[in-house]
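The following block contains the structure, expressed as structure tokens.
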Amino acid sequence: MKVKVSRKAHFNAAHRLYRKDWSDDKNNAVFGKCNNPNFHGHNYELIVSVFGEIDSETGFVVDMKVLKDLIKEKVEDALDHKNLNVEVPEFKELNPTAENISVVIWNKLRTHIDANHELEVKLYETPRNFVTYWG
Amino acid sequence: MKVKVSRKAHFNAAHRLYRKDWSDDKNNAVFGKCNNPNFHGHNYELIVSVFGEIDSETGFVVDMKVLKDLIKEKVEDALDHKNLNVEVPEFKELNPTAENISVVIWNKLRTHIDANHELEVKLYETPRNFVTYWG
Amino acid sequence: MKVKVSRKAHFNAAHRLYRKDWSDDKNNAVFGKCNNPNFHGHNYELIVSVFGEIDSETGFVVDMKVLKDLIKEKVEDALDHKNLNVEVPEFKELNPTAENISVVIWNKLRTHIDANHELEVKLYETPRNFVTYWG
Amino acid sequence: MKVKVSRKAHFNAAHRLYRKDWSDDKNNAVFGKCNNPNFHGHNYELIVSVFGEIDSETGFVVDMKVLKDLIKEKVEDALDHKNLNVEVPEFKELNPTAENISVVIWNKLRTHIDANHELEVKLYETPRNFVTYWG
Amino acid sequence: MKVKVSRKAHFNAAHRLYRKDWSDDKNNAVFGKCNNPNFHGHNYELIVSVFGEIDSETGFVVDMKVLKDLIKEKVEDALDHKNLNVEVPEFKELNPTAENISVVIWNKLRTHIDANHELEVKLYETPRNFVTYWG
Amino acid sequence: MKVKVSRKAHFNAAHRLYRKDWSDDKNNAVFGKCNNPNFHGHNYELIVSVFGEIDSETGFVVDMKVLKDLIKEKVEDALDHKNLNVEVPEFKELNPTAENISVVIWNKLRTHIDANHELEVKLYETPRNFVTYWG
């Protein structure tokens, strides 16, 4: 019996969408006001899901407390109240779109999740825009 | 790296569930108070999702601004503040259930979405009733 | 010790904003697409609040079950799946704006609430537009 | 044209996570404060989804009213305002984790759903912890 | 310039509504299934609001971090994952209705809030039932 | 008959909490990680409420379309996708706490609202932290 268990978390961050190797004009044409050089920001709401067999001993797929602490350590501590472009190494050469942030979060968590379990990351950039990545 | 990107939108509309070729008794038996001949209505909340490769140049699957404007033009302008049975051609001969509305919206959008991308439509008729269609 | 207790309810309805004694042009100028003669509709979310002393015997201001049943009988049965303009007597000569609907609901409930209690009605026409009336 | 239709429901219950065949120390180590012998409780929010062909006559996959009544009879009446460990037979020998509750609910509903339809159960134990089971 | 600042928190607990000095019949008549002797439970969502002057130095009415920690220490640690009737001294002789719980929480916090500030407690017993107490 | 009408809006912005006239140590002690010199950010959800008599002609306190456009012009265009400290003149010498932002928004709107109407601004900095200012 395989179940998907999901845990909600959140972090706040500043970011700017742009490519260093593009002209200002091209950055503005493609990224519009998201290219503000002084940055803007979001409350990112994050749902991390793990899919696997229910352990017949505990009744858990994963211990939610362990999953919560893992998200805290690997994601929230790395991204919360940060400027993604300036302070987070993964975005030094990578545009911090919601798509790319979800892939970065998935990579941060994957090695810490049981190899028999599938991992999915859902990231709300705003209540109206969100992305889902499952590796 | 394939990601699903989702955009929330909304529209308000009136509708009535019934079939012209059924008797009043049968319409009432099957559709109950949703068959009110004077119509009732809903705030439809809509989530449109597009699934595809992240463009390595932009970091986008699709530009959310483009997706937002497409939903506005093809769905909101066609359905918002309308009587679905009376004013929307697709429902002249089709019962405007949540299921059928989601298929109509999917068809309205499909030709305007990159053929390499999958499309999903999630439609909340109320906060308690919703449907999902992915073609 | 006075406490405000609140109960959430909901109903769906069709309506149209207009005045019979105005020209079509004036109705369109003031009410825009809300003046669609074929009607549109909403999921109305309703919060009814009663403010009063905690009964020291029960620990209740009002019994929530009683309040829930009262809202069902006086509001939901009267308005749910109805066309407000056509089928609800209070709106025969009254424009069914959110403001006026909230006053009508307050009047429907007031006589059934203990005279020592204050009554407040909060009505969401959409998740983005709502009104509050406390008599 | 296959569509997934979803209906939201809810119930409140008390529970305790533990195994009779484990020592108190082991129960505490694994289940922490969820092992409180005096119980704690939750508002469980439930989303039941049915996936199948749209009936071309009605425009429904399933009649939402029928689905709502089925959830009321089979799930809410069995679990609402109950102590899951003490009063619900399925949990006499089964730890009432969110994972196991979702499987129990799925089993309660499966035989009453058309065999051509797939069934999915999503259960929020809190707004931050939830599980999904699709058989 | 007076502003109301609000902080959201939560706890899960079991409870039972009844009075020891009433007969079983009377308890059942008044409290219905909330009188289950085996208890049921809720996810209580709590909003604590403090009303006062903005400090012209900091721009804060209160430091949200301080308020968050205070709610954690005085409310969450005292009530989370507890059986309110059995384990929380304030409810030894007091029926744990939402009304009474909100007053108990207000009293727990009041002495720790600046005397120049007003305090309000809003407590959701379920997403549909909630109470507000401001002393 | 006085009614409070409310309209929801939103904007995203970057900010930093600090005072130029304080030492780094003092800024860190008081504002913690909100003092990140590279900025962080939020999705600000805004509810603007206007309280006044229902106009007996229209049934409106204010035309929601007019209120929506006013918020767009005076608040969203001024703050959305901006760095509050760097780009918004009101915060050149004022710490952009949620409290101060709500006062700035109130001031931006007050002169454009009918003098007979009261104005209230509710600002969510996160879904867990919010402030309310009514002048």
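A, B, C, D, E and F label the chains in the order they appear, each numbered from 1.
By our rule, contacts are C-beta pairs under 8 Å (C-beta built on N, C-alpha and C of every residue); 3 or more make two chains touch, one makes a residue touch a chain.
Nothing here was measured: the structure is a model prediction, and the numbers come from that model.
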item	value
Neighbouring chains shared between chain C and chain F, ordered by label	E
Pair of chains joined by more contacts [C-beta pairs], A-B or D-E	D-E
Candidate from B-C, A-F or B-D with the same interface as C-F, over half of contact pairs in common	B-D
Whole-Å separation of chain centres (CA-atom averages), chain C against chain D	33
Whole-Å gap separating chain B and chain E, where each centre is the average of the chain's CA atoms	41
Computed distance of Cα centres, chain F from chain E, in Å	29
Residue list for chain E, restricted to those that touch at least two other chains	127
Chain-chain contacts as defined at top	A-B, A-D, A-F, B-C, B-D, C-E, C-F, D-E, E-F
Footprint of chain A on chain B - complex, ascending	1-9, 49, 54, 57-61, 63-65
List of chain D residues in touch with chain A within their complex	17, 19, 30, 32, 94-100, 102-103, 127-133
Touching residues (chain side chain E, partner chain D) in the complex	10, 12-15, 33-34, 36, 38-43, 45, 80-83, 86-87, 126-127
